[in-house]
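Take this structure first; my questions come after.
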Amino acid sequence: MSLIQETGMKATTNVPSSTSMPIDASGDPVNLERFDGGSLAVQEITMSFGPLKVLHGVSFEVAQGEVVCIIGPSGSGKSTALRCMNRLEQPTGGDILLDGESTLTMSADLLRQRVGMVFQQFNLFPHRTVLDNMTLPLRRVKKLSKEVAREWALAGLAQVGLSDKATYRPVQLSGGQQQRVAIARALAMRPEAMLFDEATSALDPELVKGVLSLMADLAQRGMTMAVVTHEMGFARRAAHRVVFMDQGQVVEDGPPDQIFDDPQSPRLKAFLAEVL
Amino acid sequence: ASSDTSAPVAASLAAISAVAAPASPAASISAGPSSAQASAAPGSAAAVPAVTTQTPGTLLVGTVSDGKPNAYLENNQWKGFDLDLITAIAKDIGLKVEFRAIDFSALFPAVSSGRFDIGAASSAGTVERQKIVGFSKGYLIGYLGVLTKKTSGITNAASTAGKRIGLLQGSIQEAYAKRDFPKATVVEFPDSNSGVAALESGTIDGYFLDYVAGQPYTKQHTDLVEPISVPAFDLPAAFPIAKSNTGLIAAVNAAMVTEVKNGTYLRLYKQYFPGIPVPGQLPPYALPTS
Amino acid sequence: MNNFLETFFNWTYIKQVIPDLLATGLKNTIILAVSSSILGFVLAMVLAVMGLSARWYIRLPARIFTDVFRGLPAILTILVLGQGLAPLGMRMFGPSPYPLAILALALITAAYTGEILRAGIQSVEKGQLEGARALGMTRGSAMLLVVIPQGVRRVLPSLVNQFIAVIKDSSLVYFLGLVASEREIFRIGQDTAVTTANLSPLVAAGILYLLMTIPLTHLINFIDKRLREGRPHPVAEPLVVLDGEAAPDQPVLMPMERH
Amino acid sequence: MNNFLETFFNWTYIKQVIPDLLATGLKNTIILAVSSSILGFVLAMVLAVMGLSARWYIRLPARIFTDVFRGLPAILTILVLGQGLAPLGMRMFGPSPYPLAILALALITAAYTGEILRAGIQSVEKGQLEGARALGMTRGSAMLLVVIPQGVRRVLPSLVNQFIAVIKDSSLVYFLGLVASEREIFRIGQDTAVTTANLSPLVAAGILYLLMTIPLTHLINFIDKRLREGRPHPVAEPLVVLDGEAAPDQPVLMPMERH
Amino acid sequence: MSLIQETGMKATTNVPSSTSMPIDASGDPVNLERFDGGSLAVQEITMSFGPLKVLHGVSFEVAQGEVVCIIGPSGSGKSTALRCMNRLEQPTGGDILLDGESTLTMSADLLRQRVGMVFQQFNLFPHRTVLDNMTLPLRRVKKLSKEVAREWALAGLAQVGLSDKATYRPVQLSGGQQQRVAIARALAMRPEAMLFDEATSALDPELVKGVLSLMADLAQRGMTMAVVTHEMGFARRAAHRVVFMDQGQVVEDGPPDQIFDDPQSPRLKAFLAEVL
């Protein structure tokens, strides 16, 4: 049984994406609900900022319903690779496929409806309340009515324990609260795949574990996820597969047990030697 | 008011001295330019009020730089009937002139506060203005004209009925338009160029201005004519001078008489207003009184 | 000194001009300023968005428009437009110079306002647009709902500046010729100043301007502050309590078994 | 139409006014606009900082100054100051109206610019001031070196607006009385328009304004862009290599034993 | 022997605060250098945002040369308490002593020269290059000459492995790179005490360990440090003492072994149960 059922909560993700009906409060079994997750395939992408090459042919795949954690030293290009995956950066070479279709040629708006993202800097809208941060994309992109959007939003906030902050402005929240709003906001859009950039960097252990369980639940229900993280404990627990990047390249790629317990490359060995 | 303009020179002289220089009897005028000249120098006669100016020896004249043909700048030279006349008058008094151009709406305050010794911008010495600032006697009466398109159908005062007639804001035309074209709609403009441009573009039917000032436009714009001329004898142009500067008022009035007598006035009149009839009466003219 | 007071603060003349100022001038000033500001603002927004385009052939016309209408003296713009379009204007709106004056004023203020808005929008962090677009919002609605509102807020005081400038520029409609009932505040002040040979009516006009602009400024500042800081105190109670919801600040995300 | 062209674009008259515009007008316009802008900017910065104070008795005078000098018609301010201070001006600077006009224009532009700057400074995130102050910088130098430069950059286009407005407002010096050699661009255009009974000289003045303002705008836009984005490509090489320094992106912070 | 000697680096902190001489490149033994660290005592401080009370009488002490880690759930008031310690927030009650002297009455500028801070959001100056971010406070506050400030700054950047980014703007850096610049910038000021808010949230394990060793080194040389963190591994390794906050109160306070291995309060027990 999933976390969400245990706590008696309605998850935002509980609402079929095909309907704009209010959330049914009677409590459908959560696991009846499945995401129509899409697989992601990053193929030999390269990327430069001016003269600075930051990605030198990066390839990895995220199967449908799989959680892939991307780890690696600072500046190794993890964020850049993630940003390429929903076209916030345009790769200079290579391709990225969503369910086999090239994302570089499809409409960026459609791509982003299908592939959600949570940023390292959260990017909440400071001029709107927390609730409005949630409802704005629901109404605009999902075209929900005001009431339905509000219900979805409140459910999403409740899911991250922030119902009482609905009328706050983002600046009035602590770092961890902001990050949770950002996660809730992206999830409320019910994408097929999610990209998390340091999704737990501002969270305390309780919340980290909460996010972990949320991801597990989402994955079980079919959502594809790529997660950049520098918390090895998190990667080990959350990931089906771990990608280790260094200097703009994928150095190793494998299941967590293999990556953490049996690293092959000296670079990864050195990296993991530092984990506290 | 018309009685003022038709009054003999002597009578109007008396009237003006009563208004502008009540403290000094007519004697101050009959004392003539020589006395004024003397008063500019130290040790003048006690009975005659002294001619005082901002800078001794210089008459600082406030004027406008866009008042053709009365006061304007051309090739960085001051020109115009009013300016040449005041230059001659100043010379008579023993002063040299210095001109400063200013927006018309700021001219009277600048004169009444003493920043300029005198104004020369064809300003009418209306009753209203006399409350604030002193005036010399009138030095110019003339004709006003209506500039119009040949095709407009405006040929005389009566045919302006129902038409839009433009004029310069704050000018004496305002008063004459009320009297002579009572059925026309008056449209005000800040300068004649924009008025004429409006005439050309058809938003007004006629533009009411100084007859002489209208002539260059008929040459520039071959479709314009100036069929109506209106005598404007009861609101003569006069030089504004601070009320308190009674010496200067008296001296200017006296010198004006001199310049009329010695023919300078007529020479300038013919130079700047070619082809315009010379009024039967030469200045000084009396100003209206309430 | 006395003369100075007499020139600028002569109560007789101030009293004399007040009825006209209020009955005629105020109305006309408001008509001119408000309508050209609204039209100008809409145009300015288009210019600002064009100016931020990545494509040079979209930026270029906005740039030229801005440079020309901001650089030319307002009087000239009003004269050229007013006279140039007069025949058309006559046919469409009759002899009143207002429609063309409003158009000219709107073009001028749009040129200035466009630059103000562009600066404001440009100063919003890139992350905001990215944040909105990553949620699937189109570039249009991301700009409209996320970036532009923040950008506009940052330049509210400059927009107030510009509105006040339009209020005053509206006096330039005079160059197109006005009948008495069309005169706005400043013109009435100036007319009366010329006829009375005293500047007090102009001072009266100035004071009326202040009575219009100061309350406006303070209203906008208040709104600005409210928008910046939110209501004085956020509502501390939960907005709604969902069934079985955890207590505030007790995250309900609980651990689950490794899948 | 032909008539319209004749009125506004008669090459003969344009040619005629050009020497005067360049020899006299340009110089005077630059003197007036530049000196009042500099003075005004300094004053505006003071107003902006006062306006951001937490203490009401510091904010209040700035607020009043801004409201009054922004709200009054520029002509009135110039007249009141020019006439009111004329005796003093005479004694200090002689008969030239320039010093008083520059003062008046500076006060007016300061009122507008102060609001522009306040908006810009206010829009800089609180974290920037906190970041600087947490390093021990005084409020003064934190504002001066960290907050204000960022704030000013955000409103550069509005500042250009304001400078252009001053260039044009400088024509109001006419209200204080000018000798021929003191006339600026617009006045020369207007005067020549009267002597030629044609508006083309005014158009020539307008074009000269454009020749002044357009290059300025583009210069500032270029600087703005450069400041925003830095040099086109950052220098990728290390600035210096210290003795024994680790290779780039290889952190030299290495583990050490638990103390 | 300290890390800094091992790597042959000159640490910024290597320069006596009393001198404005350039860094001596000949390599004085680092451990000769001691900070004149000051103790911090937080005494019953309270603090509200409008009607929302966020600190309800928080007390803890940080002795000279001690590293105290503050842990606790999101929104518990950790950042707020830290901000009170260098007067970015004004407590509504209680007192905070630096070397026995009340910080609430001393000059805020002086206080902040003595107590440095690294923010959760870094607060780098975006309009300046990385190098200028470093030299600006050195020149303004420490009154160093241009050349000396530059040398200190480059040494500080080298210490965090970012010499090659000196001419970059902050936006051109990855998250971890930004955080390292923020740390280097604060340390270059040679404060007596340092406050870190989530000082390692954007750092990968290698860098976290680097920061850990840096802190150890600083502490050994007498610097007092208060560190808010949600990485329990880090707290355990870095701290001499750990303070656990919840809902605006200090719930437990003790050495890391006791806090992590023998928690007393049920709240802390629950909190630690979640650590991955």
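Letters A, B, C, D and E mark the chains in the order given here, with residues in each chain numbered from 1 onward.
Throughout what follows, a residue touches a chain if its C-beta (ideal position, glycine included) is under 8 Å from a C-beta of that chain, and two chains touch if they have at least 3 such contacts.
Composition by chain, UniProt nomenclature: A, E = ABC-type polar-amino-acid transporter; C, D = Amino acid ABC transporter membrane protein, PAAT family.
Everything quoted here is computed from the prediction, not taken from an experiment.
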Farthest chain (mean CA position) relative to subunit A: B
Which of D-E and B-C has more C-beta contact pairs: D-E
Computed distance of Cα centres, subunit E from subunit D, in Å: 42
Euclidean distance of C-alpha centroids - subunit C vs subunit D, Å: 20
Cα-centroid distance, subunit B relative to subunit D, in whole angstrom: 42
Inter-chain centre distance, subunit A versus subunit D - centres from mean C-alpha coordinates, in Å: 47
Where subunit D touches two or more other chains at once, by residue number: 4, 7, 75, 79, 83, 199, 202, 234, 236, 249, 251, 255
Touching two or more other chains - residue numbers and ranges from subunit E: 73-75, 121, 172, 180, 206-207, 209, 212, 237, 274
Of all residues in subunit B, the ones touching two or more other chains: 105-106, 109, 113, 191, 194, 197, 200-201
Contacting residues of subunit C [partner subunit B, same complex]: 3-4, 6-7, 79, 82-84, 86-87, 89-90, 95, 97, 174-180, 183, 187, 190-191, 193-199, 202
Subunit B - residues contacting subunit D, complex: 60, 62, 65-68, 72-78, 98-103, 105-106, 109-110, 113, 115-116, 191-194, 196-197, 200-201, 216-217, 220-221, 223
Subunit E-facing residues of subunit D, complex: 127-128, 130-139, 141, 145-146, 149-150, 153, 227, 230, 234-246, 248-256, 258-259
Contact footprint of subunit A on subunit E as seen in their complex: 49, 71-75, 79, 120-121, 172-177, 180, 198, 201-209, 212, 230-234, 236-237, 270-272, 274-276
Of all residues in subunit C, those that touch subunit D in their complex: 4, 7-8, 66-68, 70-76, 79-80, 83-84, 112, 115-116, 118-120, 122-123, 154-158, 160-162, 164-165, 168, 171, 186, 199, 202-203, 205-206, 209-210, 212-214, 217, 228
